[in-house]
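Pasting the structures in now, so scroll down.
Presented sequentially are two complexes of subunit A, the first with subunit B as partner and the second with subunit C.
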Partner chain A sequence: MGNRRYLNFQGYSFMMPALLAILFFTIVPVVYAFFMMFYKVDILSGARTFIGLDNFRKIFEDPKFWASFTNTFRYVLVVVPIQTVIAMALAALLNSKINFSRGFLTIMFIPTLTSSSAMTLIFMWLFNNNGLMANMMEQLFGMKVEFLTNPSLALTVIMAMNIFSTVPHFMVVFLSGLQDIPDSLYEAASLDGANSFKKFLHVTVPQLMPITFYVITMGLVGCFQIFDQAFILSGGTGGPQNSTLTFSLYIYQLAFTSNDMGRATALAFVLGTIIFAVTYIVNKLLKADEVNG
Partner chain B sequence: MTMKKNNKKLKIFVYTLLIIYSIFTLAPFLWSILTSFKTTAEIAAGGTILPENWSLKGYETVLASQLPTWVVNSLLVALLTTGINLIFNTMAGYALARIDFKGRHVLFSMLLALIMIPSQVTMIPLYIVVSKLGLVDTHWSIILTTMINIGYIFMMRQFFVNFPRDVEEAATMDGLSKIGTFFRIVLPNAKAAVATQAVFVFMGVWNEFMKPLLFISSPDKYMLTQGLNSLAKAYKTATQWDVIMAGALISIIPIFIIYIVLNKYFITSNDQTAGVK
Partner chain C sequence: MKKIAAFALATSLLLGVTACSSGESTKTTAKDDTITLAVWGSSPAETKGLETTVKSFEKSTGKNVKIEVIQDNFQDALTARFAAKNAPDVFYMESFAAPKFIKSGVLADISDDVKNQDDFYQPVLNSFKDDEGKLFAVPKDYSTLALYVNTDLLEKAGYTMADVPSDWDGLLNFSKTLQGKLAKDQAAMVFDTSMARHMSSLIASGLNPVTAEGKADFTSSPKALDYLQSLIDGHKEGYLKNAKIDLGVDWAGAAFGTNKAVMMIEGNWVLSALKTDYPTVKYEALEAPTVNGNKETMTFTVGYAISKDSKHKKTAVEFINYMTGDGQKQWSELSGTFPTRQSVADAMKLDEDKVLKAHIEGAKYGTVWSSGVNLPVISGAFDNQFLAALNGDKSVKDAMKAAEKEANDEIARQQ
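This part shows the complex of A and B:
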């Protein structure tokens, strides 16, 4: 039985660094978060007062919370479907036995490499009031469009930017899934007289379903957490008129601008719950669909 | 015959779409490269696509700012973090796949649950932990809180599940200890998986924005992403986009070089950070 103990010792010594890091920087914060939600915490004085569910009550009565709620949901509802469809379509195009597919892939992958801060600055310049897009709109349609200072357009710029920079990653995920689809399925479809578009619809799309679940789930989780782009674009304010105020940005503001760490943690908990609930529901719906169809 | 014709049409259609999307991908970058070589006066006036007078003023201004310090900061932090991640993630992945110790299934399920917690939930308590440890405004705040990644532990576990056992067994017979086997036999054989991990951990730290924003406050300790943001704030009002674009482009170059050299490790579905960009 010495061997048994030796194996246990080995296993835990190999895991130890990772376990310590997880303990200090994930588990302790998670447990801490569960307490902080019910307290009023002032980071400067370190004072803590138990206030029960007051943080949550304040959150739901707060118009800024509802602004961030609406913005984040709008963002998710637009970005996730569009990025999934574009990524799948591009992957199918790249997989269609063409020359230079590696070359196309190498070019199309570039936005994924770029940091959110560099990407945001590039897009801010593109959509700036004297930037390329505004000038093009003026020359082509004679319209003076102010993208970044217009509350109904600023979030759209962030949506476009996010789709632009996450599509290549998901495209590669789809591509690896496509390469696993057996050729025999396409051959059978050809014998049935299916054209390329029909093959895509009746072979590719159903065969990719598991990958699509994964892409949608990762897309949802990522989009709900959108922070960097909104922070940089609005200079941390979430403006113009709270139109780029996302959940994460509001959490940041509560914690570090308003110094209300308790309420910020409560809001983070609300966000976490929403992410869990939405990904759970979406996966249930999609899986049920797959079973029926 | 008609079949062939259709095929040709289809191919042209596919190529056209791919070329359009590639141009669409490159356009913002080309536009910022062109902008970085313009003079501020030209940018403010709107003007032409190509610079009227090619100017290096943007780059000169950026290089005279604190940007070189931020590049060095990011480089050091990213390299150190990558090294630590490689060793610890690989060790943990190896243990989960190969060492039959008590509680490993429980640990695996625990990791699976923890990976699903969004970083925002832990962000504020993590800040408090970091400040209690006296790490606020030090680079260690980023290195230590990023020293492992559960996603890559899973990736390495998967790799070792499929890794042939006999290689290791031969080494053990030759009298190498488990830790010796790990460093001398296992790691070198896991080169491809380790390289994939290295590339993405490095890129993740290099591109990280939120952690530096929370933890680091002195401009001379800024990470590059954070520095870029402050640079943009300073130069935006004067429409000095040549300076901002020069900074943004310089920040992309190191990743771009790694991308060219290690291209095959980049284009995989293993990037654990991309979903949350």
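This part shows the complex of A and C:
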């Protein structure tokens, strides 16, 4: 027994630096945010008055909240499925015996390595009203498309950008999962007369389920927290017409532009609840716990 | 033995963490004659001007100034510093953001500390006062908007400077004709979509977007709506272009410098870029156009403010008095900014320079970009909704109605 206590102590002492970092930089701020969301807080002076649930009333009355709500959900619903499917398909392609697959992998991984701010600037340069894409559209189809100033397209540009930059990362994750699938399964499927598409659908996809669950969860969390691309593209405003205003961007605006830390933490709590709920539902739907692997 | 060594290592790591955090507290015991100054990154000329003037201050007083450059999102970074109770002693303060900081009570009252206040341009100085007339920052320099004309492009199109009208409507008609003689990727005039550039024109059209109660008002004057409509019409027909949206360059100065725009209404901050980055462009400057017969321009000003909790207030006061007093001439000459003291402006004979004169004249009637604590909310709503009008999604009237509602609802939520 004493030996075990000693081992425990030893284990915790090894973990101590990480535990302390988590305590001070994650747990304390989270607890503090729980406390702040019931107050009206002036971030500059730190002065606060208790207002109960008023911050939540203000949030739910605010059209900007609903705009960010719609934008973020639209963003998640489009980006997560597309990036997962593309990543899986690309991984399957790279896993087959094509030539130079290492070379392709390296090239395809570059977007993930590029910093998101640099990527945003490149996309802004491509998609501005006098940029490559706009001019190409005009020459090919004769129509003038304003990507960045048109509220219904600005978010689409960010979606495309995010898919472009996260697919390679998830592709590598899938690739490692693919290499764990035993060849015997494919052999058995071949003997049963399955073609390669059927093999993909009935062997690869089910076998990859635990990986898929990981990819979808990380995709969901990342997408719900989308901030930097929207911030840079709109110059911090979330415009045009709130079309690129996301949850995180609005939290930032509330805290630093509106000087209202209480409302910002309340919104952060709402966002946390949403992410938790959605992840829970996805977990149930995919039955991640029951899949073998 | 190994285990003990590992434990010792873990403990020392732990101590290392605590040692780092205790390092902060040594700051408070620093010598009283060192102050920190937070500034944003700006042009090489301004950086050099600041460093040199600060050195002169250090030489004449024997005190030290530590310059901290905050490259991006200065206001946000400053806000975070205040929230962390780690504010710099002295920092740049934009007149636009000043009311928010004054209202929060984090700036030191320097009403009685600033020398010879009558010498300052009063509208600029007043933008740093609260309702009771107490002073919380002292203006270091200011900028005004003027109309810049690329004379090479103008002459190529067959016009001279004498053809450029001095009123807004005339200028629009002129741009329209001029656009016909330009290439597709060139603009007769580049324009900005933010309220910061148009508030004086709105006031000249009989609309103050910020009411006496600090609420938003964008709809009470039909003339102001006409003015905004003229921007939208110009954009639609292509003789007004936005540097970022339509020309794909970062800002108007770059469009002007690369011969993509014949005219722009910009502040004197473009001068250093035109001098260093685009030295071949020939240009002249005129006063900003009159709107509805009224002279108008926007005045932007930045001041030095002192944090209320500063432990070195005496040195800080000495510093800002030097920077806006004895040192102002040196600062203005090196940085190319305009001095906020009339005596310094007179000594520098700025109005003898043709380009600068257009800006200096503007200071006499310019609208200072500052109007109470709600201006950021109000201008944010305007910027957001005006783009909708510019896209053609909404009529100007609907967009301005929506902006008004958006701003006033948010103001009510912030009470």
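One rule holds for everything that comes next: the second predicted complex is superposed on the first by the 274 of 293 C-alpha atoms of A that agree within 3 Å, B and C clash if a C-alpha of one lies under 4 Å from a C-alpha of the other, contacts with A are read in each partner's own complex, and residues count from 1 in each chain.
Simple rule for what comes next: a residue touches a chain if its C-beta (ideal position, glycine included) is under 8 Å from a C-beta of that chain, and two chains touch if they have at least 3 such contacts.
These figures come from a predicted structure and were not determined experimentally.
*Asks:* Aligned on subunit A, subunit B and subunit C: do they clash or fit?
*Replies:* clash
*Asks:* Return first, second, both or neither, reflecting whether A:I158 touches subunit B, subunit C, both chains, or no partner chain.
*Replies:* A:I158 contacts neither subunit B nor subunit C.
*Asks:* By residue count, is subunit A touched more by subunit B or by subunit C?
*Replies:* B
*Asks:* Return first, second, both or neither, reflecting whether A:S45 touches subunit B, subunit C, both chains, or no partner chain.
*Replies:* Only subunit C is touched by A:S45; subunit B is not.
*Asks:* Have a look at where A:W125 lands relative to subunit B and subunit C in the superposition and call it first, second, both or neither.
*Replies:* Touch partners of A:W125: subunit B and subunit C.
*Asks:* Figure out whether A:I22 sits in contact with subunit B (first) or subunit C (second), or with both, or with neither.
*Replies:* first
*Asks:* One more residue to check, A:Y32. First (subunit B), second (subunit C), both or neither?
*Replies:* first
*Asks:* A:N242 in the overlay: touching subunit B, subunit C, both, or neither? Say first, second, both or neither.
*Replies:* It touches subunit C, and subunit B stays clear.
*Asks:* Between subunit B and subunit C, whom does A:F256 touch in the aligned arrangement: first, second, both, or neither?
*Replies:* A:F256: touches subunit B and subunit C.
*Asks:* Going by the contact rule set out at the top, does A:Q10 touch subunit B (first), subunit C (second), both, or neither?
*Replies:* Both partners, subunit B and subunit C.
*Asks:* After lining up the shared chain so the two structures overlap, which partner does A:A91 touch, if you call subunit B first and subunit C second: first, second, both or neither?
*Replies:* So A:A91 meets neither subunit B nor subunit C here.
*Asks:* On subunit A, which stretch or stretches are contacted by subunit B in one complex as well as by subunit C in the other?
*Replies:* Looking at subunit A, the two contact sets intersect at 10, 14, 17, 43, 125, 128, 130, 256, 261.
*Asks:* Which residues, counting only subunit C, touch subunit A once they are in their complex?
*Replies:* 3, 6-7, 10-11, 13-14, 17, 73, 75-76, 79-80, 82-83, 85, 100-101, 104-106, 185, 244-248, 376-377, 380, 383-385, 387-388, 390-391, 393, 406, 409-410, 413-414
*Asks:* Tell me, which parts of subunit B touch subunit A in their complex?
*Replies:* 6, 10-11, 14-15, 17-18, 21-22, 25-26, 28-29, 31-32, 35, 43-44, 46, 87-89, 91-92, 94-96, 99-102, 104, 107, 111, 114, 116-129, 144-145, 147-148, 150, 153, 178, 182, 203, 206-207, 209-210, 213-214, 224-226, 228-229, 232-233, 236, 239, 241, 244-245, 247-249, 251-252, 255-256, 259, 263, 266-269, 271, 274-277
*Asks:* Can you list the residues on subunit A that touch subunit C in the complex?
*Replies:* Contacts found on subunit A: 10, 13-14, 16-17, 20, 42-47, 58, 61-64, 125, 128-131, 146, 148-151, 236-242, 256-261, 263.
*Asks:* Tell me, which parts of subunit A touch subunit B in their complex?
*Replies:* 4, 7-12, 14-15, 17-19, 21-22, 24-30, 32-33, 36, 43, 90, 93-94, 96, 98, 104-118, 121-126, 128, 130, 132, 135, 162, 164-166, 168-170, 172-173, 176, 195-196, 218-219, 221-222, 224-225, 227-228, 231-232, 235, 247-248, 251-252, 255-256, 261, 264-265, 268-269, 271-272, 275-276
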